[in-house]
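Down below are the structures I want you to see.
In what comes next, subunit A is part of two complexes: it sits with subunit B in the first one and with subunit C in the second one.
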Partner chain A sequence: MKRALKSMSVVKRLCLVLAIILLPNICAGCWDRVELEQLAYVTVVGIDRDGPDGVLVTFQCVIPRMLARGQSGGGGGAAPVKPYTNYSVKARNVSDAVRLFEIKQPHKALFKTSTVIIIGEDLARKGVIPSLDFFTRKPALRRSVWVMVAEGKAADILLKGDPSPEIIPANNIRTAFQRRQDVTLTSSVDFGQLLSKLERPGVDPFMPEIKLAPKLSGGTAGQGETSTQDQQKDVKEGEKQVLEIVDFGVLKLGKLVSFLDITESRGLLWLQGKTNSGTITVPARGASWASLLVSSKRVKITPVISQDGFLFNIDIRIEGYVSSVQNEAVDPTKPEDLGRLEEEGEKAILQDVMAAVKKSQEVRSDFLGLGEKIYETDPDLWKEIGEAWRDEWLPNVQVDISVNCKLKRTGLAAGPVQPIP
Partner chain B sequence: MSLERGMISSRQVMFLVTNMIFATEIQFVPALLTMYAGQDAWVVVLIVTIVGFLFGVPIISLGLRFPGKTPVEYGMDLLGKWGGRALGIFLGLFFFYVAAVAVRELADHLVIAVMPQTPLVVFIALYVFAIAYGVYLGLEVFARVSEILYPVFLGTLMLGTIFLIPSLNLNLLKPVLTHSPLELLRGSLTLLAFYGEGLAILFLIPCMRRPEQAPGLNMKITLLLNIPLLVMVVMEVAMFGAMETSRILFPSFELVKMISVAGFFERMESFLLAFWVTTVCLKVALLYYTAMISFARSLNLRDYRPLVWPGAVSLTALAVLVFSDVTQAREFLARSWPLFGLSVEGGVPILLYSLALLRKKGVSWRGRQKK
Partner chain C sequence: MLDKGRISSVQLMLVLFMVEMATAFLLVPSIVAQAAGPDSWLSVLGVATAYGLAVALICVALGKRFPFQVFTEYLPEVLGRVPGKLLAAAYTVVFIHLTSVVVGENSIFIHTVFLRETPPLIINLMMVGAAVYGVYLGVEVLARANEMVFPIFILSITILLALVAREIDLDHLRPVLANGPLPVLKGAMVPAAWRGEVFFLLLLYPYLNQKNEALKSAAGTVLMSGVFAATVTAVTIGVFSDLVASRQIYPVLNLARYISVAGILERLELYLIIIWMAGVIIKLAVFYHSCSVMAASTLGLKDYRVTVFPIALATIVISGRLYETDYLKLVEFLSKFWPFYGYTVELLIPGLILLVAVIRKKGGNRVDF
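What follows is the complex of A and B.
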């Protein structure tokens, strides 16, 4: 080998050097090269129903140039620049829409930056699967992209939604989900989870609901509002609306059937075991309230299958601490008072869960995944009842819920503040 | 007289063979296994761990019966001169075909998942060029490369999957063992057909510096292969669900795409892809090398090198033509490959081994040790 190297002629060495210089050029690729300036960075895709079999797809794209300007001139008196634009396209399906979108504006759609897919209510009621198929095939899109269902039209949310305090709506949604642990009102559902639930026996998926809510500062006349109200004088009252992510929409066999209310949504979250310090406010002694900050520790659903039907033992274990008592009559340092607060907490959670179960039976959608438990424990039985599960069996199942709430701490203070006469 | 003057160590053989099987197995097998066995796919992996270990025993002992000889040479001893040559040509064509399929699969993956605009033939041609160059330089060269790269690849893959543990839903693995033995068997056959590519070890044993280390290799290779595969299959089912896993073309790729730690440690799939390109390259190098050795032996050439460049051109052409579309490729892997692959991978060693026993040719490994 050494001899070979020594005898390598100058020409051969030159060839080698040339090859080393030329090869990296191949690495860059010629066909799939991407020019940053020629891309449309899609952050949110909204899909609505349009006519009997068409879709209205709204692409929200960031304009990087404006992004920099919006940040530097944010606090000033100048009119705020929107660093994003919306393109709405009517088409036969999503893939068709992407093509029309690329005709409408010169750039190539880039889905790598997409955070959320929002599906309009009408389309969701018709079925989510046909329009999601495109995203399962698109190489650049990952399964961790979030999916949501809009109350009303997805296009409205994208066009009218005010992203404040962020400057891009997608970031607003991202922030909302990242602090979801603190509110116990919603949780993110990603595309992969949605698909695996759609294709799993005995469970229906749910999606967080997004809607437009009237701007808080517009309605209430609190102090500290003056400066912002001056700025927004030219904007009509009630027109600018904030994005609100709360509650869930539930599907049945790939079609949206209902939206949950706050109680039912929380019941669903308790059962998912996904809450991580949510506040529940329970009646304390007298007319006052006490607030508990709790998180679910363990959820266990065991089906009991008998001749008469199905019984589900739901065992929820909750842990938390007292965040506010408001009344000197309730003293968290006393074991009996703490015990009473725990009981009240258990009762409140039980009501939430009961509401969710009722709703599930009412709309005949198994978003709690009760059927899945039967499928897991007795797959043979599931083969027989699976077809009729949602419509015949689910409305009649019995549920036995036991909640165990353990309050471990009382915050920084022990007893309540007590005025001394 | 031997065609290959290079000598390799037992560790290099282990990594070469493991790498060869693992490179394509990890891309396709989880989808195929869940297609047959649903969430019980991991059971199939366990079955194949045992069967595969046993499968390796006769192959290695066959290789050891004829020290320093390739299957084509002892095929000539056993089947006669022309029979051995026919066997050599047949084995060469088989490995050549498998090499073409492997190149095509990787190129397809690159086109589908990463660079949709680039023509397929560009990937295949560049790829085969690199492989042919490696094969031209000899066995020692790509054996060393795989010794370095494969542990890095495996380590990175396993390390990366640790980050996925929080987002797994192990309930998706339930209910356990609902699939009939027939479905499990079909899944096992598919996996075993990939596993059987390890037949190429017959061509490596004559080049081993210490052939006495060969008997433990089937155990090591089986474990090195199946533990990571088991981890990946369990993770994919727990991440996507059995139905979804069988529908996705490249589940492992999708799995790695899901890695996201604290919102910034993301997009690990580029690493996976880079490793795939290298490991499949080594896989095809070994298959191609084996095919070239078989041809050269059968044609009684003194060196296999003159065959390498013309062969590369044919390999490129075959890889482009072997499937007309991705559906065909998937259909081939799911339906034809288990039967086709296993009949060759199982048939050839069984034929040679039983003939060796009947005609009392060669000396068994134990017999030689006693002397």
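What follows is the complex of A and C.
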């Protein structure tokens, strides 16, 4: 090192000394440093309509300090406190609301931690696009954030929703999605998918619906919970309700038009080809039921355009196995019994899909994306009928659905258990 | 020759690829999608590549005539002393402007996405500092540094695209050619100008050690970037659909942010920013090298290095005045003026020079490719 220094020219040595002196100044950080203590970690954003042209935005933020206490708690004797808090802000638009939110409390809003955007029913019926504009521009918010539509007000869901068994509602929603996709009840829709569908000819987006449901059992767990931490008017423990995510809300040209029921939602999921090990229960023989655990293999929708109108051939392939038969007379190892179960499964799926198609025609919203298929096969025709598609053509389209259900396994048991006389 | 360096034909190919792709992969998809819709990948793959090949042919033909001189050195020889010097000076000025556009592209991207509070001047100083250091070391060092950056660049983007591949909805790429070929041609205007940056061959040709492989490298780089850019564009539109992609200013960034594999592999946009910076430093270095060589040869200097520093400062000031963090102004230039600007500088003028050289029998007479 000494020799190296000696062989350097004076200028170079001066530069080195200067660099050594200047470098420590950088260690203090620069303009874009972020202090963890000065951030409000927004996990859920709820947007509601407020008056004719205002919004009521609810930010749910975690308090990391409380999070740590809640986990280590118990022994200390301190009452468990909620690790999150809600702030509701009335404003002109979402961007305005963020500013007011940052005035109301000292921290800078951090949207990188957001999991869900919930849109209240009233606002969704008026149109979702204006309030989502802010999120398309915000660099910190990614397009994989989920969007949902609330039955009623989004603020109620954030204020009254009970996060148990998790401690933060956002985690509850995350778990629900990850689990529920597996049992074919709902599927998550992220912000990017919503935007893609909004700006695509002949298809309307759908969003999962979130609502409050009464608690299953009046358990006394968490009785000592106090709500002093909450700056908002918090509800009493007895009013806390369970978050339920089951069905879908469907949009038409960016406006919520209807909520689907559970049959229609499943029909929509079958058509999306996204179901993964969902259970369908079908009549087996006599008064008993059999359950089939199935997942989508392939969905193909081909439009047939003729003089009289449009016909859609929908071909759905399903694969699965028998999860329960409940009747000793039905033996899934016998081909004819298995064949009958497959038929019943096909019938059940067909009914679901029919219900979804009927609903789509009834509310005149093309959430199944039938128009998109026409646009893809015949873009010139679409230019003529596109404007009137939802109101004039969609209610009259014919569908020809064929479902092919293939049962390949019978679980760990072959035949049913038989009592021996 | 102002630079004593030597580069191989493969190095030349990789450098030219990086010169185009370093900024094109991020900025082009959105601009193309605005004009060409679902057919954007066709514009990028077909029309732009054809234009790039034309530029490559002309540049190689010119290079063969003057194998040991850069473009601005033989301009006076071809056109006569005064007009030649004037055109050479014009080229220098144009390329100083183009370099400041690249500086602006960089500071705008980093500012909008990443460092909101840091003054753009600091970002520029750091990037330009790195590039200028490379220029001082010469073209050989640049080519070798690029050999290190190139695989990382390609690999990172390929991995990003592969990870986001499951979000692709092939329906978004249909219908093909719904509005006829016109939108495809229109969409190709901007990527073509980028593809034409193979023009830098004219300023790197003298350093090439195997001159007979110049056309192979140039054509290779045009085809390679065509396939690469078309893949990026197709994936972008496949994931977002064309209208949504055209509304975003950096759709590829959003692509990277979309990745979520099993809840573990997330927030990969950092890789994008790393490769962006690595690529832009190489691109800037090649631009600065060319600018300073042009300036030095126009002024008749012995060493190009004296001009690097003033040019670097000039580009920082120009980009600060013109663009700084003004995305709207930049995109207006890129989508409205840059194509015509590019066609003139890359294809039209070199083509005319070649014509004059052939007519006036200047330079080596071998025009065989």
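Assume the second predicted complex is superposed on the first by the 371 of 421 C-alpha atoms of A that agree within 3 Å, B and C clash if a C-alpha of one lies under 4 Å from a C-alpha of the other, contacts with A are read in each partner's own complex, and residues count from 1 in each chain.
One rule holds for everything that comes next: a contact is a pair of C-beta atoms (placed from the backbone, for glycine too) under 8 Å apart; a residue touches a chain by one contact, two chains touch by 3 or more.
None of these values were measured; they are calculated from a predicted model.
Novice: For the combined arrangement obtained by superposing on subunit A, do subunit B and subunit C clash, or do they fit?
Specialist: Here subunit B and subunit C cannot both sit on subunit A without a clash.
Novice: Check the residue A:308 against both partner chains and state whether it touches subunit B (first), subunit C (second), both, or neither.
Specialist: After superposing on A, A:308 lies clear of both subunit B and subunit C.
Novice: Once the shared chain is lined up, is A:139 touching subunit B (first), subunit C (second), both, or neither of them?
Specialist: After superposing on A, A:139 lies in contact with both subunit B and subunit C.
Novice: When the two structures are overlaid on chain A, which partner does A:196 contact: first (subunit B), second (subunit C), both, or neither?
Specialist: In the superposition, A:196 touches subunit B and subunit C alike.
Novice: According to the stated criteria, A:37 is in contact with first (subunit B), second (subunit C), both, or neither; which is it?
Specialist: Neither: A:37 stays clear of subunit B and subunit C.
Novice: Name the contact category of A:336: first (subunit B only), second (subunit C only), both, or neither.
Specialist: Once the two structures are laid over each other on A, A:336 reaches no partner at all.
Novice: Would you sort A:376 into first (subunit B), second (subunit C), both or neither based on which partner it touches?
Specialist: both
Novice: Check subunit A for residues that touch subunit B in one structure and subunit C in the other, and list them.
Specialist: The answer is residues 30-32, 136, 139, 142-144, 192, 195-196, 199-200, 372, 375-379 of subunit A.
Novice: Going by the contact rule at the top, pick out the subunit A residues touching subunit B in the complex.
Specialist: Within the complex, subunit A contacts subunit B at residues 26, 29-32, 136, 139, 142-144, 178, 192, 195-197, 199-200, 372, 375-379.
Novice: What part of subunit A is in contact with subunit C in the complex they form?
Specialist: Listed in rising order, the residues are 30-32, 136, 139, 142-144, 192, 195-196, 199-200, 372, 375-380.
Novice: Name, in rising order, each residue of subunit B that touches subunit A in their complex.
Specialist: Touch list, subunit B to subunit A: 112-119, 122, 126, 169, 171-172, 174-175, 178, 239-241, 243-244, 247, 254, 257-258, 260, 263.
Novice: Which positions of subunit C touch subunit A when the two form their complex?
Specialist: Those in contact with subunit A are residues 112-119, 122, 167, 169, 171-172, 174-175, 178-179, 239-241, 243-244, 247-248, 254, 257-258, 260.
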